[in-house]
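What follows is chain A paired twice: with chain B in the first complex and chain C in the second.
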Partner chain A sequence: MRRFFSKHWYAWAMVAPVVVVLAVLILYPLGRGIYLSFTNTTEANQLSEICTKSITGTQSCEPNPDAAHFVGLDNYLHVLGGQVGEFWPWLAITLIWTVACVVFHYGLGLGLAVLLHRPMRLRNVYRVLLILPWAVPSFVSAFAWRFMFNEQFGLFNGVLKGLGLSPVAWFDNQWTALLTAVVTNVWLGVPFMMVSLLGGLQTIPSELYEAATIDGATPWQRFTNVTLPGLRPVSMTVVLLGTIWTFNMFSVIYLVTGGQPAGQTEILVTGAYRAAFEGIRNYALSATYGVLILSILLVFSVFYRRLLRRQGEVW
Partner chain B sequence: MTAPVLAAPPATTPVSAPTAPPAVRRRSRGASVALHATLVLACVVALFPIVWVVLSSFKPGVWVNSSDLSLVKEPTLANYRYVLTQTRFPTWMLNSVMVAAATTVIGVILAATTGYALSRFNFPGRRSLLLVFLVTQMFPVAVLIVPIYVIMARLGLINTLASLVLAYLTIAVPFCAWMLKGFFDTVPTSLDEAAGMDGCGPFTTFWRVILPLARPGIAVTAFFNFLTAWGEVAYASAFIQTSNRFTLAYGMQQFVPRYNPQWEYLTASAVLVTIPAAVVFFFAQRHLVSGLTAGATKG
Partner chain C sequence: MRIRTAGVVAAFALALVAAGCGGAEPAKTTDPKDLKAELTWWDTSDPKNEGPAFQELIAKFNQTYPNVKINYQSVPFGEAQNKFKTAAAAKSGAPDILRAEVAWVPEFASLGYLYSLDGSDLLADESAYVATPLSSNKFNGKTYGVPQVTDSLALLYNKKIFTDAGITSAPKTWADVKTAAATIKAKTGKDGLFINAGGYFLLPFIYGEGGDLVDPASKKIVVNSSADVDGIKIAQDLVNSGAAVKPPANDSYGTMMTLFKEQKVAMIINGPWEVNNIKTAPTFGGLDNLGVAAVPAGSKKAGAPVGGHNYVIWSGVPQEKTAAAIAFVKFMNSATSQAFIADKLGLLPTRKSAYDIASVKSNAIVSAFKPVVDAAVARPWIPEGGQFFGPLDAMATEVLVQGKDPKASLDAVANKYKTEVVPSYSAS
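Right, the complex of A and B next:
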């Protein structure tokens, strides 16, 4: 036992701070969140005792008659049954949002990475300029795009007017509003994909390309048979992370559309946030959404990994 | 000893001396034009929103809030003057700097030690810790924010900057530790063994030998931590209650209420906010490709 400890103590010492922080601020809140989702806790009934101060300064506490209590699966039934909030429409929007963003992130990121990987003049200049959107804090970009999509004096409507077309009230229609958010998020997320894939391209040995060329492969064949398989390890990771991050992308939706029009561009995360922090704060409801989001992502990543494993990846 | 140098991208060489691998195929003139045209177009799209905001920030309010599209119109510094002197912007900036600096320093140290332990030592709990790091990325802010709020309230940290630093560490450290683990995997273990022979303990080895070699990875980690803390909104709006403790991300929202948004002040403050991030980016960018990739492929 002592040998076991003395062999591993420094490894544990190195990870201990992170484990403690994660346990206190992630695992405990997670457990607490799961528990809350089975209760009816709101801002109004969260205290188990009501304390009143008398004039003399003594404090008397008595149990809160309306204290939050265990309600079993009621929250889940209400949410999934559509009585509270709009789970299914929000889920649909979330899925459209996630798929659209990840497809464009990966597609554009891959395209630009392939272009940037070629030897050419000004390569480093292009690279720095293309990564630059990443350096802009996402809330600034969100404001910038919202500014450009502004109905009265935004840039896009100005251009449309200049071309003699009628301006579009971007945030008055569900799909144009969602489009503004997707455009913003694609602009924000492409640099990360591009940089990761560019690094991945550098790990593919150039001999493979030479061999393929000698075998008479066309550029397209080289791309599908050398580049894409060579990028697989990177692609798997970034697509998984990108999907998870986009699914939970709070700030872009919250700042660009704010759910306009009338909550029709709300995704699950922003919906859950509103449940918890707007109006009467319904902690139980937001926790229920949170648990549902987590379950969806866990199921997704299990299937994703299984799919990859079936294709012969060890990961 | 040369491994980390090899891991650095060829792009670290200055622009004036582009590395031309021997396998350069001659490109036809048409293909060359198409290649550069595509990249120029992409750069324009990437830069345009930034440039537009910068240009707008120098226009008087009447012209920002109009459909006038001229690039430069009666340039003025009035917006900057207003933001810097008439609002609490300087306070918010200071708050953001403190939060971001603390998050970056603590986050890098935590991620580096954890990543190193995960890369080098096969200790009990290693696999599950790696898995936990991936799963933490899936936790929506929504499920965590209320319980974290309650914990912060119990600890008496509500409306303090420390609460934000703690919250941001939980976002950034798992991903960074994961990434750095991949990076440390590319540093040969023979270096550790050599240092061990020379009488270095595990901590000295890590601090004196490995950490200096992992500079690209550290740079990416620092960049990621900084940006996480610099731009986060959800936790800031939940934990911070008085305007003297706002961070920039949250404070700037005051310029754009649903009705009557003050875009001219927003654009000026957006530029001011982006400058520090751009400085950090400038120092980190040359390491981004190599730093990220090691993490992504070996993760």
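Right, the complex of A and C next:
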């Protein structure tokens, strides 16, 4: 053991600063969050003493009657049992949201990547234009899309009215509101998928396509038998990344729908934010949500990795 | 020699202690020019419509106190509560003085973030303040702020549309509103009323039937009582019958103000904070076109919630700066300053003497709002007070926009109050 360390001490020395920074920035808050979820800490009872200062210079301190204490698994039981907060509706919306977004991200990204793979005029211009949505800060895009969907003054209802159709109240219904958020997120996320898949396409050797053409494969057969399998390493990675990012996509839901109507488009992360920062801040409840979200994503990653390994990917 | 030195040192130490004890009280004989400090003030008023008037007041303050520098920061109203709590908990970055909405003061006080002002110069003339706005500053027997402006909800209407439709006086009950809206639609084609899909703006309907959100005296949650349900049913009926415009789920408040300023809707329920906005709107026709009346009554009474803003001082302000902070708040809240604000912005003063000043008496908007505010219903000033409106906003969207059953929605609100806001209260 000592020989192992002494043989590679320089490696450990070089890695040490990064480990320390990661521990401080990620491990400590994570550990503290998990600890908080086992207590009933809120902003109001986090102090063991409440001190009232008078502007005339005196101060009176008294012990907090209901100071925060350890409650064990109570928070988890209440959240999962539906007594506090709305975990299950939020989880359902989050799953629908994630699946819809990733399907469209991947589908549109793949389509655009295949289109751009062929040599054509102005290809570079198209590539730059298609990357622009990714370059614009997401909250700017969110506000722009939100205004375009505005029932009275927005662009889409203006176009509908111009065509003689009745305007749609986008944010009044749960599903149309979710649709607006999905549209915005797809617009924001397609460039990343497109760029990654385009890179993946370029690694597929063209001899495979030539061989397939000689064997008499139709374009669709070439796509399903050469392109898709060749893209599998890239696809698996971007789908995993896309799923995790979309699951945790706070800004789009918070800024485009704000959880409207009546909190019916809230996802888990925006719901946890509201518990943490609206009204008297409930640190324990939001830490509970955080741990639950992390657990869900961890389980998903484990199963996903097993699925990849069974298909022969070394990942 | 040694004994003498010891005696000198002892006397010196004693003098220091005496000075330390005496230095805690704000010196009453300080010349204003001697007062030196740098204070930060977070103003939550609208930066375009209301901010400039307050900055003019600061310039006037500096004429008397040239060495007190005021760092004016305009903080958006929606974020100020959170920002203050974060900064105060971190003990750095919080402002010295904050313009706090009435519902925030009990919450901040309960967390120990504010100085209590009892015994200081600011409360020496406590009785000169109007009672209800002052009551919002009291928590647990101590007073934590002084009221700056008070407001309530009133029925704001477009005088021109009323004349065109042949309506001579503002409607007095919700039933009158329904008939007036029908007349307006028939004669002018414009919409009658716009009810904002927000919990606060549905309170007049609830109070009108004699209902309330909670009863702090008996610690009961009453938001889903039959009176409340009746009140919300009236609001839903106004929207369903077409008397009120169906509000959008998103940006309902912004839509309401845009439609009113563009003269597309005749009546809205809103407060005096929008008066300057309406005055400067090019499409409205100036304040001569604005009519102000009390909110229509339900079957029991006409009731609107009391709102407003208070000056509070952060408890982390070092003792040396408190004298300057007190002098600043005292100036900004004097009768003349309040009359100045009333004159410029139409906001209502909280000092009884301010209403006797000639410019305030002749201010049409202030005189129109005064009876409205006098009849306003006090809200429970408990730390959880601000948290009532989250579930209430969701209820407003469900009932007005999605047409859900009021009793079911209000039951859900009551349940949320019991599990998350006031768990120690009993459900009805």
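The definition used in the following text is that the second predicted complex is superposed on the first by the 282 of 315 C-alpha atoms of A that agree within 3 Å, B and C clash if a C-alpha of one lies under 4 Å from a C-alpha of the other, contacts with A are read in each partner's own complex, and residues count from 1 in each chain.
By definition in this document, a contact is a pair of C-beta atoms (placed from the backbone, for glycine too) under 8 Å apart; a residue touches a chain by one contact, two chains touch by 3 or more.
Predicted, not measured: the structure shown is a model, and the values here were computed from it.
*Asks:* Using the superposition on chain A described above, determine whether A:Phe277 touches chain B (first), chain C (second), both, or neither.
*Replies:* Both partners.
*Asks:* Which partner does A:Ala68 reach: the first (chain B), the second (chain C), both, or neither?
*Replies:* neither
*Asks:* In the overlay, answer first, second, both or neither for which of chain B and chain C A:Asp172 touches.
*Replies:* After superposing on A, A:Asp172 lies in contact with chain C but is clear of chain B.
*Asks:* Determine, under the contact definition given at the top, whether A:Thr56 touches first (chain B), second (chain C), both, or neither.
*Replies:* Once the two structures are laid over each other on A, A:Thr56 reaches chain C alone.
*Asks:* Could you figure out whether chain B or chain C reaches more residues of chain A?
*Replies:* B
*Asks:* For A:Met193, select first, second, both or neither according to whether it touches chain B, chain C, the two together, or no partner.
*Replies:* A:Met193 contacts neither chain B nor chain C.
*Asks:* According to the stated criteria, A:Gln152 is in contact with first (chain B), second (chain C), both, or neither; which is it?
*Replies:* both
*Asks:* Would you sort A:Gly263 into first (chain B), second (chain C), both or neither based on which partner it touches?
*Replies:* A:Gly263 contacts chain C only, not chain B.
*Asks:* Which chain A residues are contacted by chain C in one complex and by chain B in the other?
*Replies:* Comparing the two interfaces on chain A, one with chain B and one with chain C, the shared residues are 146, 150, 152-153, 258, 277.
*Asks:* Give the list of chain B residues in touch with chain A in this complex.
*Replies:* Against chain A, chain B makes touches at 9-11, 15, 18-21, 23-24, 27, 32, 35-36, 38-39, 42-43, 45-47, 49-50, 52-53, 56, 64-69, 110-111, 113-114, 116-118, 120-121, 123-126, 129, 132, 134-148, 150-151, 166-167, 169-170, 173-175, 177, 201-203, 206, 227, 230-234, 237-238, 248-249, 252-253, 256, 258, 263, 266-267, 270, 273-274, 277-278, 280-281, 285, 288-290, 292-294, 296-297, 299.
*Asks:* Quick check on the complex: what are the chain A residues that touch chain B?
*Replies:* 8, 10-12, 14-15, 17-19, 21-22, 24-26, 28-30, 32-33, 36, 112, 115-116, 118-141, 143-148, 150, 152-153, 155, 157-159, 161-162, 187, 190-192, 195-196, 198-200, 202-203, 206, 209-210, 233-234, 237-238, 241, 244-245, 248, 250-251, 254-255, 258, 268-269, 272-273, 275-277, 283, 286-287, 289-291, 293-294, 297-298, 301
*Asks:* Help me check something: in the complex, which residues belonging to chain A touch chain C?
*Replies:* 43-44, 47, 50-57, 83-85, 146, 150-153, 169-173, 177, 257-258, 260-263, 274, 277-282
*Asks:* Could you please specify the touching residues of chain C with respect to chain A in the complex?
*Replies:* Per the touch definition, chain C meets chain A at residues 24-25, 82, 85, 89, 107, 109-112, 115-120, 122, 142, 246, 248-251, 255, 258-259, 313, 315, 319, 322, 325-326, 383-384, 386-387, 390, 393-395, 397-398, 401-402, 419-421.
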